[in-house]
Every structure is written in structure tokens, then in C-alpha cells.
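You will see chain A twice below: alongside chain B first, and alongside chain C after that.
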Partner chain A sequence: MDIILNLLPHLVNGLALGLLFALIALGFMLIVGVMELINLAHGSLFALGAYFAMSIIDPNLTYFGTFGEWYSGLSLTLRYVVALALAPALVAVVGMGLEICMRRTYGKKAEYGLLLTYGAALVIEETIRIVWGSAEQVMPIPDAVSGAFMAGGMIYSNYRFFAAGFGLLMIFVVWLFLEKTPYGATIKAGAHDSEMVRALGVNLTRLRLLVFGLGASLSAVAGIILTPIWGLRPHVGVDVVIPAFLIIVVGGIGSFWGAVIAGVMVGLVVAFSGAYVSEWSMMSMYLLLIAVITFRTRGLFGKKSSLEL
Partner chain B sequence: MKMRNTTTRLMTGAAACAVASVIAASGAVAAGNPLLIGLTSDASGQYANSGASDRRGMMMAIEEFNSKGGVLGRQIKTIHIDTETTPATGSRVAERMITRDKVGFMIGAVSSGVANAISQVAQKYGVVYLNTNSSSPTESGKNCHRVKFVWDGNGKNFAQAAVKNAVSKYGKKWVLMTNDYVWGHNTSKATRSLAEGAGAKIAEEIMIPQGTRDFSSSLLKIQQLNPKVVAAAVGGDDQKAMRTQISQLDMGTKYAWINNQQDWPDVYGLPTKNLFGVFGTTWYYKFDLPGVKEFNAKYQKMYPHTKMKVPGNVFYNGYWATRSLMEAIEKAGTTENHAVIKQLEQLRIPAAVRMQHDDAFMNPKTHQMQQTVYLARANLSSKDKNDMFEIVAHASPATVKDGSADTTCKLESFADTPKYTP
Partner chain C sequence: MKSSFAVSTPVITKPMLVLFAVLGTFPLWGTSVGLYNYLGVEIVVWIIYALGFNMLLGYTGLPSFGHGAYFGVGAYAYSLSYLNVFESVWAGILFGSIAGGVAAGLVACFLSHRRGIYFALMTIAFGQVFWFVSIKWHTLTGGEDGLLNVYRGTVSVVGADISLKSNETLFYFAFAILVAVTLLLWRIVHSPYGKALQAIRMSEMRAGFVGYNVWLMKWSVFTLSGIVAGLAGSIFAIAQESAYPDVMSLHASGFIVMMTLIGGGFVSFWGPVIGAIVFFVARDFLGSLTETWLLWYGLMFMGVMLFKPEGIAGAWQDFMKRRATPKPSKEPVAGE
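Take a look at the complex of A and B:
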């Protein structure tokens, strides 16, 4: 019984952490699945979303007169909600700009796309440094989700559970979009056979633009949700790309539920290793990757993906 | 991790080439024979922010000397290459600076792993190297070198100042949180030794791999262990994330937190509620001591646009290391390394000049600056967002001396240190 009581907090923590990892991987999964492109700028878009949100939540409106006063008077919760809606939209625009730059690389070797998104990642990170500075910043969060609560004699962070709940909501929304709307059906069809989709009269150029924008905005959402936990600095995105990539490989490239389940698995592995063999906690996700790939090269739920065609 | 390293290497490599070529070009047209100093501070990775602050301190000292004609009549030029908070890069940068750029001296470090790597190369060529801000006890212990001088207080100095008092005041059940690299290991080792010596029991040592962003598992584990004191040797970005998460859990007041040294760039701008516990430092901009106001004013004049509006301990160490080197060269009357080393070994700085409470001096056996160590906590009553610390005590260099360093440090002889005259 004692063992169960000792393990339970880490299980709960691992599940919460797993949902956050899944959230990180969503945008990455969408772009890889549909466009067969590994977006190395994913982490920088994550950071950019957080910085945009920071500027929306706590802006410097000295020169904006009465509008500035009015906006500053709004509650933190309202400004946070505005940031959650507006910052991903702004990052979506940046993502779409990046997709336009990508077009000349389509049909060429994968290295072209990798190099271009890698270059974009560097440019975005340095732009952040120039605009917002390199010092650590703290994103304010509404009182309603700050603080902590007690359960079973342990203290848990309210925000972490809000973030995990939000991650779950985003997973559901993206699933709903992909599975229950005609746009989602087109995107999925594009992932399986883009030429056939084009032959059916779908504007593939526009589809790719929208998918990249959507993927970028999901990166931004993850950035806004995660940075109050991880902290906000220009290179925060570097910590995101590798776990995101790892999760979609473990889950199976192109598989929505694969990414979600792999995210949860990574969360559990990191949580338990952090508690019991802490020096292995960073490495544990890579060991999971090796274990999965050794026995199932396509990842847990990887079907014959478009990448293998 | 591999991808991260590759990313930073490529980025900083490009930046370094650009910086190097600009500086080389400017050096070519300068009159006379300028003295080239290699700045080996991190511009990326875990200590990028501290590295920038370190560099500002060095540049202010250099600016002071250049404005009065340089050193020994030679203008001081600088070259900076990012050491990426990575020891392997530190070695490469040092090798390149010495063999290709022909630097006269090298200054800068925040990561102890990087400082150790640089100093091995510096010793090979006999180039004097100033470790400005890395604070592993090994830097002036088993990894000491004749050419290397360490300017910061080390983990053991800070532990001496805080640990014994904490055992009697807060209790005997302790947990250690240790950043899994050289500074963390050695700082926790010193803390363990002092705490156990004072009667404490270490319930567990939790290793924190570098680059950890999620501390929830460790923090749950601490709750399960329910110690009286948590001594954390976690630095840089890891520490920032850790502080934020501890604060979110309201754990800052539940246990007595002993945080070794708290570098100013790591906390500047954070809410004071994230600054829980007691921590060490070597300097604070609010000291009511001679010269502090002028020093702050000079910083603000030279760096009007930096977000860090007041100087901190990292800047202070960068400044003092550089200034002391220049003064040592002037006293020696030459840039020849052996003569400069001998001057630095005899270095004594009165408290009034150094803006600390006690006279500081270089330990000739370990090459570590012996100085006042301060214990601080968050200044919760402050209305000034810059005034984040409340200094609660200070300890003289003799009180906090790292006694073991005198025996573990084996400096190379002068005969074994190649002569080098830039």
C-alpha cells in the first residue's frame, strides 16, 4: 500500500507532464504528417508565440495614450485570454511566410527543407534576442490558475494542472478538426496522397499554407502554455524541438493518436526516472525511443506513412 | 542534445567568424602595437546571459584603461568567441585564440567545465587566463594551474558561510539537489561534508541533469522525503526553471532552502517570491561603501540600454579580474607571463577600493581571490524592482577559506610553465 501511495503522485505528475509533451508535439506532427517536412523552426515558433503573448499580456503602452490606459486596466485574465487567441494567430502568419519561402524546396532533397527551417530557427531566435532582449522573463498568469493545492499530503501546482487540462482540450480540438470537418479530411487525404488530392481539384498550395499556419499556431499555443513552467528566454525553443521530434517518431510519423500516446509515455518515463533515478531523467526519453524503434521501426502507431512512399 | 549542440556551434561559429574578422580589421589599422585580449565568455547555452554580463564588466575595465592611454602605452583590443557553455568548445576557442589570433591574455568563464578546459590549453602555452565567474571548488583545487587565477568565491566558500548555521537553526534532515556537472558535484560535496560535520543527515542527493526544464518529479520527491533543509547547487537556466516551479508549488517557505551562490543575471527581473531561501553572493550594488555609487553610475553610463539596470556580482567579477590584470601588467612593467603571474600572486586590494567589507587578496598557493562572502535573501519590502536582495550577513575571507584547496592544488612550477610574451 505504501508503495502505491508513493508511486501515485508520480503517476499523476507523469500523466500531466505527458499531456504537455503531447501538446508540444501536435504542431510538429501536423506539419510532418501532411507536408513530409521536419520543421526545425518548431521550437523558435514556440518561443515566438510565448514572446508575442508576453507583449500582449504585459505590454509597454506608454505612447498609446487613453488606449494604453484602457488596455492596462483590463484584468490579467482577459489579457491572458486575448494573448491565447492573438499570439498563435500572429505566429501562424509567420509560419505561413515561412511556408512561402519553403515552396522552392518542394520536390527536392529533404536537406533543403531542413536547412531552410534551421536557418529560419536561427533568424527567429536572434530576432527575439534583438526585440525582447536576452534576459530571463516571467510570463504573468491569472490568479485563478496560480498557486497550489494539497491532495493526499502533497502540494500540486494549480497551473500545471490547468496546463495539462488545456493540453487535453487542444488535443481534442485538433482531433475534432482533423476527424470531423471537411478541412481535416482534405488535410488527411493530402498527407496520404497529395497528387490524388490535387487531381481532385483541391488547391494543394493553399492547403500546405494553411497546414503550416495551423502547425505554427499550435507551436505558439504550446509556447504560451509551457513557458510559465519552463521560463521564458530566447533559446527556450531549443528545449522543444528534440522532444517533439522524438515523440512523433515513437508514436509513428503521421499518427495523431500515436503522438498523443507517445507524449504521455515520455511524460511518464521522465516523471518516474526523475523521481527514482534522477541522473537518468534527461536520457530516459531517448532510451524509450531506442526501445520502441528496436522492436517497431515505424513507431507505435505508424502505418505505412507518406514518408515511406 | 546533439542537435542543440550542432545548432549553437553553427550559429556561434558564424558569429565568431564575423566578430573575429571585424576585430582583426580594426586591429590592423590601429596605431602602435595593441595588446589583444581574448574574451572567453559564453554567449549561448545555459550561461549565455551571465556570459554577457561578465563581458560587460571586462569591457568597462578595458575602457577605463584605454581612455587613459592603454596599458604600458598599448591600446587594448579584444576578440570574443562564444564558448557555448560547452567544455569542448572552450578548448577549441582557447586553442584558436592563442595559435591563430595570438591573444596576450584570456579572460572569462561562468561554467566551471569550460573554465577547466580553457585553462588546460592556456597552461600548455603559458597564457595567463582569468577565470572570472565559475565557482567550482576544483577550479582552485585539483584543477588549478600556474597561469589561471580564479576571481569568484567558490562553492565551498559559500557553503562555509551558510551551512553550519543552517544545521543548528533549521534542522538535521537535509536533501541535496545537485546539477550533474563539475560545479554541482563539487559544491554539493562541500555542502555534504560541512553539513555532516555539523551533525546533519543527508536523506538523499537528487541529481539534476544539465538542461532539465521540468523539476516536478524532484519536487514531489522532496515532499515525500520531507526534509528540514534543501541545499540546491543548481545553476543557470536550470535554476531559473527550478525557482519558478518551486514558487508555483508554494514550496519556497515550506523548507529552509540553502542556495549556494546566486548570480545576479540568473535572478534579475524575477518576482521576489521566486527568490526564496538564503543564498550567497560576493557583491551587491546597494552596499553603502565608498565607490559603489560611482561604479553604478559608470555602469549605467556605459550600458544605458541594457535591461539589467544595475551591475551585479558577475559584472563585478569580470570588471575586477580585468582591472587587476591591467594593474599587474603595469606593475610588472612587461606583458611577459611569468612577471605578470608573480604580480597577480602578490595581489592585495584594500576593502575601500574593492567595494567590499574586508581586504581581498590572491592566495598564491591556489590562485583564488580571497574575499568577503555575503549571505542574502529576497528583499520582500522593497518597492524598487532593482533592489532584490537583502544582505543578512557577511563573512571575512578567513572565515570562509576553502582550506582543502591549499593541499589539493598543485600549481605547476614556473620552469614547467612556458614563457609567453605578447
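Take a look at the complex of A and C:
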């Protein structure tokens, strides 16, 4: 009984962390599942989203006169909500620009697309450095979700639970979109047999543009939600893209629930190893990946994919 | 791709002599065009590293995004051996190369039956594991600071003791190793083994059907490139007088991929050489103009990937072909 009580806080932390990891992987999963394209710029778009949001929440509006004064007078919660809506839209535009560049690599080896996004990641990161500087920054959060509470002798931060709940919500929304709407059906069909879908009169070029925009905006949402927990620095992208990557591979490319379950697994593994061998906790997820892939080539729920060739 | 119908390939070719002549005399002309000897050492180290890496990427078509690990293992092994075992440069280099090879060989056991993107993902995961261990295992690696005070010693070459203290002598020492590595890799690439590697790049399945042991080929080429990376890492440790985790990070591993591709590793043996030179000259040249030279380098890389994925060597080959045939013929272009 004691053991269970001791493990419980880690279980709760791990679940919350896992939902956040799943949230990070969501946009990545959409792009890799539909377009069979590894988007290494995912982490940089994540960081870009967070920086945009920070600038929207706490802008430097001296040039905007009365509008600036009116906007600065709004409550923090309201500005936070505005940022949560506006920043992903801006990042979606950036993502769409990247997709238009990417078109030249379609039909070539998968590595070309991957390398192109690697270059894009470098460019976005350096641009962030130029615009916002290299120093670590803090994003303000509304009072409603800050603070902490006690339960069973452990202190939990409110924001973590807000973030985990938000992750759950986003997972649900994306699932609804993919499974219960005609758009989702078209997207999945496009992933399954693009030639057939095109023959049916669907504009696949536009569909891909939209999917990439959507994936980019999801990574921006993840960035905004996670920044208060992880901090904001220009190279946060690398810290993010690797877990995202790992979760997709563990879950299996092209599987929605695979990504969610793998996210939670990674969260639990990191939380438990963090409790007992804290120095090495971030490495445990690589060991998890190696263990899973050694026994299941395509991850837990993966299907055959053209990326293997 | 390469001169595929030649019965036997010469051991030494014209481009090789040009490279050796230009690079080998670097200390004589480098300073007068505003470069410095240490840059030459760095370029030579990374050329060795990139040549080995291109065996994997360019010839076998296996993208490794965690190759910095074996470079770093080489550097650590050199430093550990030099500090704790024998105070000998040769022993250190031998030890570094073997360590790089052993690390890569172990990893290759997990990788060799993987293909495409799964292969790439696993290389990243293993690369991160090595990077992590190098940061966290303080007692062995010295943590984030790394191993320091690995002072440059003297090396005995055919009876003469040569001190590596000055960058100039170190350059000649590294250059001699580069010559040996180049000759060796050139020979390997043009051996039946090298042809089989290229067959794997073109179609792994068909190479298997023809009767090659694809698993063993992939394992051995990964190990070979690990040995070369370890060798390069050892020289890097001599040059830096230390070994530290930075060279094992994802960024550093990405740079070697970028170098190899910008130069044109897919179409030419010399692609990685061009790429490494371009990278370091760009770093120094752009770096002196702007602090964010990586932005411009990244844009350049994106441009190459978009418009000329075959890199600088590919552009050069096209140029020579166009000069040789004034009228564009309608012959079908060979794949890749």
C-alpha cells in the first residue's frame, strides 16, 4: 500500500507530462501521417509560436497611439486568449510558406524533404535570435491558471493541470476533426491513395497546403501552452522536435492513437525515471525508443509507409 | 554516377593531386590571403570526417543524423588514453579510431536491418544517447566541461621526434593522415565492395537478390565510417587540446550532413571535401560580417536542397557536361 501511495504522485505527474508530450507530437503526427514528410522545423515553429504569443501578450505598442493604449488596458487573460488564437494563425502562414518551398522535393527521396526542413529549422532559429535576442524569456500567464495546490502532501502546480487538460482537449479536437468531418476523411484518403483522391476531383495541392498550415499551427499551440513550463529560448526547438519525433516512431507512423499512447508512455517513463535517477531521466525516453523499435520495427501501431524505402 | 565501366581505377588521380597540392601547401599561402593555420587544421579534420561520413551517406545512401557521436567518442578515447594510459600520440589515435569503430559497430547491430526514415530516426536516438552519456558521466568524461589539458605532445615519425605544438606542424601531421585516408577510401570505393555499396543505395532489395549480404555490408560500412570519424575526432582532440560534448550534439551532427550535401556527396567522391572547405570559409567569412552567419548558411543550404540537390559537385559536373556537348541531347538522364 505504501508503495502505491509513493508512486501515485509520479503517476499523476507522468500522465500530465505525457499529455503534454502528446500535444507536442500532434502537429508533427498530422504532417507525417498525411504527407509522409518528417518536418524537422516542427520545434522551430513551436518556438516561433511561443515568441509570437509573447509579443502579442506583452507588446511594445508605443507606435500605435490610442489603439496601443486601449490594448494594453485589456486584462491579461483576454490578451492571453487573443495570443492563443492569433499566434497559431501567424505560424500557419509561415508553415504554408515552407510547404510551398517543399513542393520541389515531392516525388524525390524522403530525405530531401527532411533535410530541407532541417535547413528551415536553422533559419527560423537564427531569425528568432535576431528579432528577440538569445536570452531566456518569461511568458506571463493569467492568474486564473497560475499558483499551486496541495494534495496528499505533494505540491502540484495549477498550470501543469491546465496545460494537461488543454492537451487533452486538443487531442479530442484533432480526433473529431480527423474522424468525424468530411475534411478529415479527405485528408486521410489523401494519405492512403493520393492518385485516387486526385482522380475524384479533390484539389490535393491545396489540401496539402492546408494540412501543413494546420500542423504548423498545432505546433504553435503546443509552444504557447508549454512555454511557461519549459521556458523560452531560441534553441528550445531542438528540445522539442526530438521528443516529438521519438513519440511518433514509438507510436508508429500514421497512427493517431499510437502517438497519443506513446506520448503518455514517454511521459510516464520520464516521470518515474526522474523520481529515482533524476540525472538520467531525459535519456530514458531514448532507451524506450530503442527497446520498442528493436522488437517492433514499425512502432506500436505503425502501418507500412513509403518512408521506409 | 562514377566512371562505372573502368576495369581498374588508378590509385592516384588528377583531382587527388590537385587537392593534395593545393591543401598541402596551405601554410605557405594561407596566411597571405587572410586565413590562418589553425583553420587549415580544422578543415583537414572535417574533410577526413566528411569523407568517412560520405561512405555511408553518398555511397550507401544511409543517412546518419547522429554521427557526431563517433567523432566525439574518438576525441574522448584519444584524450583518455593520452591522459591515463600512454602519453603517446600514435597510441591515442589508434585508440580513438578503434573506439569510434567499436561504438559505431555496436550501434550498427541495431541499425543494419532498418531502412529509410526509421534508419535515420534510430541514428538520431543513438547519437543523443552518446551525447547524454558524455554530459552525465562526470567521472569518465568530465561532464559538460569535458576533458581538459590534453596538451599536444611530440610524435615520432620514422625515428624523428616532431613536436605538434605549433599549428603549422600539426597541420602537416593531419594532412599526412588525410592523404592516407583519401587513398584508402578511394581504393575501397572502387573495389567490388564499394560497387556493392552503391548497389545497395540504388536498391537494397535487388542487391539482396543478387546475393550480397546486405546486413553485413551495411554493418561494415557504418563501422568503417565510425572508425574514420573516431580518427578525425582524435586529431580534433589534439588540435583543441581537449574533448567536450559539444561535437556530439544534434547540431554538430547536422553540420556534417549539410557539409557533405552542399559539396555534393551524392554524385562525387570529392563532394564532402568541397563541402567542408565551403563550410569553414563561409563560417569565417560570413562570421566576420554578421553574427548570425548560420542564418545565411541555412538559407544557402535550403537553396541547394531546392534547386540543386546534387550540390556543388553536381553543378560542376553539369557545367563540364554542357561544355563537352554543345547541343543538349535528348538522352535519358541516368537515375540520381
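FYI, the second predicted complex is superposed on the first by the 304 of 309 C-alpha atoms of A that agree within 3 Å, B and C clash if a C-alpha of one lies under 4 Å from a C-alpha of the other, contacts with A are read in each partner's own complex, and residues count from 1 in each chain.
We take it that a residue touches a chain if its C-beta (ideal position, glycine included) is under 8 Å from a C-beta of that chain, and two chains touch if they have at least 3 such contacts.
Small disclaimer: the values here were computed from a predicted structure and weren't measured.
*Asks:* Do chain B and chain C fit side by side on chain A in the superposed arrangement, or is it a clash?
*Replies:* Aligned through their shared chain, the two binders clash on chain A.
*Asks:* Which partner does A:7 contact after superposing on A: first (chain B), second (chain C), both, neither?
*Replies:* In the superposed model, A:7 contacts neither chain B nor chain C.
*Asks:* When the two structures are overlaid on chain A, which partner does A:271 contact: first (chain B), second (chain C), both, or neither?
*Replies:* In the superposition, A:271 touches chain B alone.
*Asks:* In the overlaid three-chain picture, which partner chain does A:123 touch, first (chain B) or second (chain C), both, or neither?
*Replies:* A:123 sits against chain C, while chain B stays out of touch.
*Asks:* Is A:168 touching anything from chain B or chain C once the two structures are fitted on A? First, second, both or neither.
*Replies:* neither
*Asks:* Which holds for A:279: it touches chain B only (first), chain C only (second), both, or neither?
*Replies:* both
*Asks:* Just chain B (first), just chain C (second), both, or neither: which does A:239 touch?
*Replies:* first
*Asks:* So, A:86: does it touch chain B (first), chain C (second), both, or neither?
*Replies:* In the superposition, A:86 contacts neither chain B nor chain C.
*Asks:* Would you check which partner chain A:204 touches, where first means chain B only, second means chain C only, and both and neither mean what they say?
*Replies:* neither
*Asks:* Pick one for A:249: touches chain B only (first), chain C only (second), both, or neither.
*Replies:* Touch status of A:249: second partner only.
*Asks:* So the two structures are superposed on chain A. Out of 80-88, 206-214, 242-250 or 260-268, which stretch of chain C collides with chain B?
*Replies:* For chain C, the clashing option is 242-250.
*Asks:* Would you tell me the residues on chain A in contact with chain B in one complex that are also in contact with chain C in the other?
*Replies:* 118, 122, 238, 242, 279, 282-283
*Asks:* For the complex, which residues does chain B have touching chain A?
*Replies:* 1, 3-4, 7-8, 10-11, 44, 48-49, 52, 180, 206-218, 220-221, 223-224, 237, 240-241, 244-245, 248-251, 254, 265-266, 268-271, 274, 307-308
*Asks:* Residues of chain C touching chain A in their complex?
*Replies:* Listed in rising order, the residues are 63, 110, 114-118, 120-122, 124-126, 128-129, 132-133, 136, 250-251, 254, 257-258, 261, 292, 294-295, 297-299, 301-302, 305-307, 309.
*Asks:* If we count contacts the way the header does, which residues on chain A are in touch with chain C in the complex?
*Replies:* That would be residues 38, 101, 104-105, 108, 110-112, 114-116, 118-120, 122-123, 125-127, 129-130, 238, 242, 245-246, 249, 253, 279-280, 282-283, 286-287, 289-290, 293-294, 297-298, 305, 307-309 of chain A.
*Asks:* If you look only at chain A, which of its residues touch chain B in the complex?
*Replies:* So the residues of chain A touching chain B come out as 6, 9-10, 13, 16-17, 118, 121-122, 133-138, 146-148, 153-160, 228-231, 233, 235, 238-239, 241-242, 270-275, 278-279, 281-283.
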